[in-house]
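Look for subunit A in each of the two complexes below; its partner is subunit B in the first and subunit C in the second.
Our next item is the complex of A and B:
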């Protein structure tokens, strides 16, 4: 007789995702009843929903690793941390969007719905405990973001950015999938834990040495490299970031990194420790190249948005540096250090507030037909608008890693981790590139404070929309708070390690 | 019975043709089709492995890939049409407002 096995499903573990799915449907339905002038109300509904879901996700913190849906799905501190941060980033992005969408005439309910769909993909990625779950989360995230990038249909730049991002992103997921297929073929399973078991089981050592399996691992890393825009897979990023609506640029630069890095760490640390020497060497090279390329190319930019885009490549390099230094070999045995993983978590958290803030400044000056995209546009703003100037300086210093800001503590912790696990060269490259980055962030500060505004230059006015004001105050305070009192945030970052490996 | 290597070699060849198409062709629609070819090459590989291992997971993954590929094509074509509204072109070399 056929035996029916009812799988163990604990829906409460997936509460943030289920809630988000309901929220997206609600947003789409509410959108039907709201007139075109009042679409911001849809955004407010999305904002409130995301904040509540963030609190729900926060409630799952610190209860150890629990799996559900037959092991396809895991809730541990790392996934909860990523979910809370992604939802926080989304909430701030919606605040930044409310005003921007009106100015750029893209204030449609679908804008918020697509944003929430991509967040759904990110949450699934963060909790994915199987290659299938991770792949589906990644695609839900990516496809929604292709739409968001091309959302300003009336703007040729946005459409072009959408096409470029789409073509490169789809190509990357093909590469990633082929890596997953080869992994499945050699290990006979798509489960993250199952893959690890196959490597440590009988004949596992032979699989780890098989050249085709190594090729599959390279494809996997390359696929994630595309999504994270690591050099040399970064060529889509400057265009996509420049053309996309600015709040979306900020959103994708932060939230996509969170979700992708979480999935990458889960695959590499949990499933592939047997091949750690190989992926570590590969990531080492990618990190060094990304750090150098992102920071050096940013120097040459004349557009502020594009400069921030290149700088986000550099920051992806720093995040990846944390992933690399998490692995160390003690007595011939591969070990993952807590300090490396928590450095990644803290750096990402610092980057969330800082980078959203920097893009938020760009949104603040946006008005009909004027975007203030160029560095030259900011001449003399420091004297004319002291508060806005100060806020921008805080974000720029934090991006460059100068105390007393979040970026400083993030970099300090990261370099400490690198030195502790004896990755001296990587730490050195990171330090030098940090100095290089201060050149172009410093130039921006100099333009704002040292140069006088030209006679013929268009007046730059700062929006006084309460949602924008509130978002930027939160971001400035958070950036300084993380820099001056990092203690409890560092504890949270350290807590991500629990139950992960 | 067809040996597994046949499936794998077929998958690898299709994948390479698709990747070469993405990198070498300049027509956006052909690039899109080449990406579809890559995804289907992965499906062949998945199903081949699935048969060899006598395990259903590979086929399930294949069905998910087909679904995602359909969504991707829908979004991709929509973006292409939006680009086409004011400039009649499908050649990616002409998509050059943003410098590379």
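Our next item is the complex of A and C:
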């Protein structure tokens, strides 16, 4: 007879996830009682819930690493940081969605429910301390986002985007799972700490040298590379980002990066330090390729949304650069440096406000059947709508990394980390590509301020929805705040390292 | 010897089934081929002493889910796959070359290593056959694996809601 031992479970640690699961169910039920014209109320419920859960998650900050659910779940500063940022990103995305959903006639309760489902997956990923938990979180996140991308079913572009993303994503999940299966086969465990123990234990050195294990590691990195859209795994991204509803594009470009990078760092830094030389070389090459590809391909785009999509590939490269420079080999010994990890955290935070803002500007001009997607449409906006023009300039400068914006501090910190850990080549590529990116961000500013409106040009009108206005004001202020007074945010980014490795 | 013969037989059945899924032009045949693959997998689970998983594989995957698949395929009356012009010339050839390159690399990697025997876990086959598969799985799912178990529940829920969102008719 098998004895049943109930493990100690500290449910309070998983409060954000539990709360979110309850919130999704509540949203789905409330949706039934709200008439079709008033679906925005469902969004407001989701918004309030997400803000409260963000505060709950914030309360877990700085209490060290604690695991529960038999080691499947961990709360440390990194996971709390990611959770708070993902929930913040969600709250802002809901504000952006409220107006957009009405204009595009996709204002259904399920829109908000699917968004919250994907956030549930992200939170589980951030706290996943086991390959199984991380995989389940990743799948929950991905499946909800496939649906969100295809949510505008009346639009063939959106349907195509959803299908493409789904097929590529399903393939990527298979690749990732194969990598995890091989890891399990060699180490006999799926637990992150257990894998590390298997590598450092007896016979661990032989496992780390085994070609099949190396192959498994490559598959793991490739699987995450697909989700992060690193070149050469980025093929799906331009179409998926362009076809998706714009607030969803902004949401997935930021929140998916947060969750995936957190899980990737946890797996590579904690479980695979024994193979650090291998994954580091692999990530180095991916970073360089992604930086060059994303930024160079963005130059040729005539659609604003597509340009931002390519630029998000480039930014994934910068984030990954931070992951690479977190590790150095000193005297043949692998060491992790805090500065790289905190650079990743700060860069992602800066990217959250900046990129959501840039997509927010696109949402601002959306009206029935018109999306302002063409760069040419923005001619002369600087004179016609000075405030909106200024806001867009702030976001574009921040994306390009020009002071006094968040993007500048993020890049500065990142390059400083790269130089300090002697990754000179990577820093050089990053700098050059930063200059290249200023070409296409700068061109957008040129179009808005230096070119006169054409005769036949569509007249742009800016939406005056209060939710959208509020979100954009918050985003502009945050982007400037992070650029001018980065101190306390940098401290928070540095704090993510505590108790992680 | 007998068990390795069993393994090779099942491996061939599973792989042939999987290839047939993509090779058949008619979706109906693809679904039937997928059943073959699932049955092969069930056999592999059996050979690994995981009787419960094998039976579940047959009952749920090979029967229930595949039945639904067949229903859907027949309901929406999918015809044969249409031949389409590929956008890039020589795409098929390039794909085949890339596929072969990856396959040969895989082959080289797997042939160059001898497989290692890992440490025994807390439930080796002897203990499993003594206690019974179902009991152990049930126990683990509700104790140590309770978080993945619940997360899996949410994942399935997402699938259901997502399918309804994408498929239902909207009144506007």
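Here is the rule we use: the second predicted complex is superposed on the first by the 498 of 501 C-alpha atoms of A that agree within 3 Å, B and C clash if a C-alpha of one lies under 4 Å from a C-alpha of the other, contacts with A are read in each partner's own complex, and residues count from 1 in each chain.
Everything below uses one rule, namely that a contact is a pair of C-beta atoms (placed from the backbone, for glycine too) under 8 Å apart; a residue touches a chain by one contact, two chains touch by 3 or more.
It should be emphasised that the depicted structure is a prediction, and the values quoted were computed from it without experimental measurement.
Visitor: After superposing on the shared chain, does subunit C or subunit B touch more subunit A residues?
Guide: Comparing touch counts on subunit A for subunit B and subunit C gives C.
Visitor: What is the contact status of A:150 with respect to subunit B (first) and subunit C (second): first, second, both, or neither?
Guide: A:150 sits against subunit B and subunit C alike.
Visitor: Under the stated touch criterion, which partner chain does A:361 make contact with: subunit B (first), subunit C (second), both, or neither?
Guide: Touch partners of A:361: none, neither subunit B nor subunit C.
Visitor: Check the residue A:164 against both partner chains and state whether it touches subunit B (first), subunit C (second), both, or neither.
Guide: first
Visitor: With both complexes superposed on chain A, which partner does A:177 reach: first (subunit B), second (subunit C), both or neither?
Guide: In the superposition, A:177 contacts subunit B only.
Visitor: Could you say whether A:252 touches subunit B, subunit C, both of them, or neither, answering first, second, both or neither?
Guide: neither
Visitor: Contact-wise, after the overlay, does A:123 reach subunit B, subunit C, both or neither (first, second, both, neither)?
Guide: Neither partner.
Visitor: Taking the superposition on A as described, I'd like to know which of subunit B and subunit C A:188 touches: first, second, both or neither.
Guide: A:188: touches subunit B and subunit C.
Visitor: Have a look at where A:136 lands relative to subunit B and subunit C in the superposition and call it first, second, both or neither.
Guide: After superposing on A, A:136 lies in contact with both subunit B and subunit C.
Visitor: Of the two partner chains, subunit B (first) and subunit C (second), which one does A:388 touch, if any: first, second, both, or neither?
Guide: A:388 sits against neither subunit B nor subunit C.
Visitor: Taking the contacts subunit A makes with subunit B in one complex and with subunit C in the other, which residues are shared?
Guide: 132, 136, 139, 143, 146-147, 150, 153, 162, 185, 188
Visitor: Considering only the defined contacts, which subunit C positions touch subunit A in the complex?
Guide: 106, 109-110, 112-113, 116, 118-119, 121, 131, 135-136, 139, 143-148, 151-152, 154-155, 157-159, 161-162, 164-166, 170-172
Visitor: Any idea which subunit A residues touch subunit C in the complex?
Guide: Residues in contact with subunit C: 1-2, 4-7, 9, 14, 21, 28, 36, 69-70, 72-73, 105, 108, 110, 113-114, 117, 120-121, 124, 130, 132-133, 136-137, 139-140, 143-144, 146-147, 150-151, 153, 162, 185-188, 203, 206-207, 210-212, 214-215.
Visitor: Spell out the residues on subunit B that touch subunit A in their complex, using ranges where they run on.
Guide: 8, 11, 15, 18-19, 22, 28, 31-32, 35, 38-39, 41-42, 45-46, 48-49, 52-53, 55, 57-58, 60-61, 64-65, 68, 71-72, 75-76, 78-80, 82-83, 86-87, 92, 95, 97-100
Visitor: Please name which positions on subunit A make contact with subunit B in the complex.
Guide: 131-132, 135-136, 139, 143, 146-147, 150, 153, 156-157, 159-164, 166-167, 170-171, 173-175, 177-178, 180-182, 184-185, 188-190, 235, 238-239, 242-243
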